[in-house]
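Both complexes below contain chain A, partnered by chain B and then by chain C.
Entry: the complex of A and B
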């Protein structure tokens, strides 16, 4: 128990479980399956973008990707427009979404490295360009996804939403990268001290480059999934994932200053963020009270998590 | 002979008061604070369509549209100051804030520029306001539900973006409607931020905890399709969801209507209201006496005109009306 409580992600799960329990108790447990399925479904999107943001933040102070929402929008828009509800083009759409992510990642790091623009400014400015491209590309037209993709994105397997299974698959890959692979070690090393990492022979530029590309590709995949799930890409569909991608990283116990990351916390944070809003809605809290309580609970969770002894 | 002279003078007066001669050298600018959704895209497209014809026919010299990158009042204030320096004769503004632009608007008025605000209106007294009667939008929803479901029942309310005055106004209208039709009760309320995906997420989160007998969903526009998706995903019977004239909402309604005779009601304002503001500005420049407060007409889609309205609504857009000079004159006359 003591070792478990010392894990940085522990408190995000405690919080998520607490609000889950409070929500289902409102109906005496009758809503258990409904609430759990909804939470897994909607947390899945935050998890996928949160994993990318987690690596970026772990690179150290000043590293954050603000182009996630516009990347989601552009990837969803381009993929759906090319597929044009045609089931035969699903693979092409998927490849295009990944390509959009790759390009955006390359551009982002290009701005950061070649033009020496701080990441916050670089990704913010590229987000304007990406968003404008999305507007120019289809002027807000909502194109329906192919039927197979709608079925997949809104369906369940053995009672578990498919999007949550996708998030799980991606999380396992990311966990291996972070905990077992050399890439994860390098990201953490750079985040702890970039100069030391460079002197120790870590390929700093290559690792940072790969991280920004990875983040953009994950955002693209999330954008494609979300647009299939909600019946079409909309220009404003990624907006709420800007702050929530950062929030789930922080709530999940990843160090904001960089150098230390963990995958389970992204799940705890994402489930918690969805459930806390559902719980307060269920209890009929007004929007003002809801925002206030959400803020207070988040501060509480972060405080609890940060009281762990330093390793 | 005398009669003929009077008639002639009248005719001359009429010719002078038609727009052509008076405003052909005038330049009008659109100051817009946001372009990132389908409603604003349609608003800008309508502006282009109508003003292009007006410029080509020499009615006005220019009608340029400017949109700020961030939805920020400070940025829009700076933009308006630039427009003043560029010497526009009138500025039509959809404002980021009802009060934060007042300083810049006052500067424009002091420089002799006509300022017409619409949709997002400003409180500065020197500007004209073409406001939406958002409360009426709320009242209409309950009136429709009461006519369709005389026995009343439980409702779910989807609100807009918390802290924005439009959300408060529509909500106040819904409260008014609830007071008038007391057999309806709101059993759950969520914020859908006028976006399908946010509404879908919020409704999916609260649905498991709501009673099974939800008969209707009152909305604010842009959130109806998401609500329908959430009900369908939860395997629930789909109640009467009020729509907000978005193409995806109307298309979904049409599909349901064809499949099972689904009935509902849809209300919003047309993005083309920017063109109404354009004509009002043109009329003011022309010397017409225009009251400071005008009301935008609501656009309603009903069971009977659904097919026509859907056909006239572009893919991914919002049911639109592009206003003419005559519409503007009628709106002005109605306010007098």
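Entry: the complex of A and C
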């Protein structure tokens, strides 16, 4: 138990479980399955983008990707428009979404490296360009996804939402990269001391480049999934993921200062974040109160988690 | 020496001792600056000059000993503020001006008493007057920012700021390598001003690697070595040669002189062509030799090592069969990854060899780490303990193992024995020698004479370039000292 409590992601799960319990007890247990399925579904999107943001934040102070929302929008828009509700073009749509992510990642790191712009400014300014591209491409029409994709994104397998299964699959891959792969080692080394990492033979530029690309590709996939789930690509669909992609990383116990990351915490953080909102909804709190309490609860969890000794 | 304080003793340090961990920087130093004299302070790396200066400026307190101001004991209350109030100023080697502010604004920072309305005009007056006085015809516009000035002009501003007065009178100025960026004319102007300042009753301490400068500017020269004052005489009784001799040890026997190797037929593993004015000596390193980089600290050795390292590329794609590995001396800045275990710190450079399909082979990794733990005797219960749980010397051993565990033919070492205890040093020396015998090349920057004397070949650096190459029996303290210190400014 002591070793479990020392894990950086421990508190995010305690918090998520507590909120889950408070919600279903309020409804006398009647909503157990509904709340759980909804939590897994909605958490899935922030898990996918959170995993990318986790790597970026782990690169060290100043590294954060603010272009995630616009990347989600553009990838969803482009993929849906090309597929034109045609079931036969699903694979093409998927490939296009990934390509959009690749390009955005390349542009982001290009701005950071070639123009020497701090990552926060670089990704923020590229997000304006990406968002404008999406507006220009979309022209305000809500495009419908192909029927098979709607079915997949809203369906369940053995009672578990399909999007949650996708998030699980991606999480496993990311976990292997982080914990077992040389790539994860390098990201962590750069986040702790970039100069020392470079002098120890870590290809610093290559690793950072790969990280920004990975983050953008994951955001693109999340954008495609979300637009299929919600029945079409909307221009503002990524907005809430700006804050939540960062919040789930922090709540999950990844070091804000870089160098140390973990995958389970992204799940704990994402589930917690959705459950807080749904709990306050169940209690009938007004929108203002809901936002206020969400903020306070997030601060509380981060405070509790930050008492842990340095791993 | 007469330690009885007289009223002419502006500042005196009596029996000062200071240790940093295992390193004894000052071992009982007596040092006096009298009113109306210029004292030259010389010594090689680690002699204790910097520590003595920091002590006098109030930056650190002695473990034992006293500091006297005008004959009064001031040890207890001594600090930056007390030193400044007493009229003490210091010009450091690392320039201390704010680059984004103008010359005038920097003057205001140095002088708290310039305040209220019209401060800018008064600060301008103070600094311009002093610049005109020390460096006539300096051509510096006091309204420009420091960043847009050349390095020489920055140094001139720094010096003028130290001598400038607003409220408190300047009584003692410590000049640490004041002419390092000045040409001969400017250096001459400064030395003339120093004489004038001293003639008017002020005091100056000059530290310089240009011995001719010390001899012409100072009334008295103090020579330090190993944390002690080893000679103290009027400047007129020293010559450049006797000064170099005084800095060296009293003829210490070397265990064995390594015979100079015949390298005419060999191909170098690493080479860098010389740049800059004559005599330009290029850098080469041959298989199996230990090449020393000597000279005073900060004269371009670290920059050369990092240049040699970065020349090999590897910022985008990890190098396969890399040629060089780097051993950091400044562990916290260049070496340690503080969140990681000993094991992960040790294997970082070797990682590409331990990886298959992008995945680190944990069993192989642990095996390598155990093998090196045994070989270099890292003192720990468990290699999974955090790196920071180790003592400094053991952290350094891990950094050595990080480089030695690889297959690289050349290991670059940036003064890695800083603050390491003698036992650890001996162990590492033995490993270096055995690795060199197996054909590995070491390029070793060291500020310690004992270490330089263990090298097969030595390059001496001064002012950012190689000024001498020594081999075999020529690798001796006297030769290294003579090359490290210039007789006259270039």
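Definition applied: the second predicted complex is superposed on the first by the 310 of 311 C-alpha atoms of A that agree within 3 Å, B and C clash if a C-alpha of one lies under 4 Å from a C-alpha of the other, contacts with A are read in each partner's own complex, and residues count from 1 in each chain.
By definition in this document, a residue touches a chain if its C-beta (ideal position, glycine included) is under 8 Å from a C-beta of that chain, and two chains touch if they have at least 3 such contacts.
Remember, it's a predicted structure, so these values are computed and weren't measured experimentally.
Student: Looking at the overlay on chain A, is there a clash between chain B and chain C, or do the two fit?
Tutor: fit
Student: Which partner, once the models are overlaid, touches more of chain A's residues, chain C or chain B?
Tutor: Comparing chain B with chain C, the partner touching more chain A residues is B.
Student: Between chain B (first) and chain C (second), which, if any, makes contact with A:181: first, second, both or neither?
Tutor: Touch partner of A:181: chain C, not chain B.
Student: When the two structures are overlaid on chain A, which partner does A:189 contact: first (chain B), second (chain C), both, or neither?
Tutor: Touch status of A:189: second partner only.
Student: Of the two partner chains, chain B (first) and chain C (second), which one does A:288 touch, if any: first, second, both, or neither?
Tutor: Touch partner of A:288: chain B, not chain C.
Student: Kindly classify A:231 by the partners it touches after superposition: chain B alone (first), chain C alone (second), both, or neither?
Tutor: In the superposition, A:231 contacts chain B only.
Student: Which partner does A:209 contact after superposing on A: first (chain B), second (chain C), both, neither?
Tutor: After superposing on A, A:209 lies in contact with chain C but is clear of chain B.
Student: Let me test your reading of the model: by the given contact rule, A:199 touches which partner, first (chain B), second (chain C), both or neither?
Tutor: second
Student: Between the C-alpha centres of chain B and chain C, what angle is found at the C-alpha centre of chain A, to the nearest 10 degrees?
Tutor: Angle at the centre of chain A: 120 degrees.
Student: When the two complexes are placed on top of each other via chain A, what is the minimal CA separation of chain B and chain C in Å?
Tutor: Between chain B and chain C, the minimum C-alpha distance equals 29 Å.
Student: By the touch definition above, which chain A residues appear in both interfaces, chain B in one complex and chain C in the other?
Tutor: In the superposed arrangement, which is not itself an observed complex, chain A uses no residue for both chain B and chain C.
Student: So in the complex, the part of chain A that touches chain C is made up of which residues?
Tutor: Residues 176-177, 180-183, 185, 188-189, 192-193, 195-206, 209, 255, 259-260, 310-311 of chain A touch chain C in their complex.
Student: Give every residue of chain A touching chain B within the complex, in rising order.
Tutor: 23, 26-27, 30-35, 38-39, 41-42, 128, 131, 135, 138-143, 154, 226, 230-232, 234-237, 239-240, 274-275, 277-278, 281-282, 284, 286-288, 290-291
Student: Which bits of chain C are touching chain A when the two form their complex?
Tutor: Where chain C meets chain A, its residues are 306, 309, 314-319, 322, 325-326, 328, 333-340, 344, 348-349, 351-352, 355, 358-360, 362, 402.
Student: Under the definition above, what is the set of chain B residues touching chain A in their complex?
Tutor: For chain B paired with chain A, touching residues are 35-38, 41-42, 45, 69, 159, 162-163, 188-191, 193, 195-198, 200-202, 204-209, 225-226, 229, 233-234, 247-248, 314-317.
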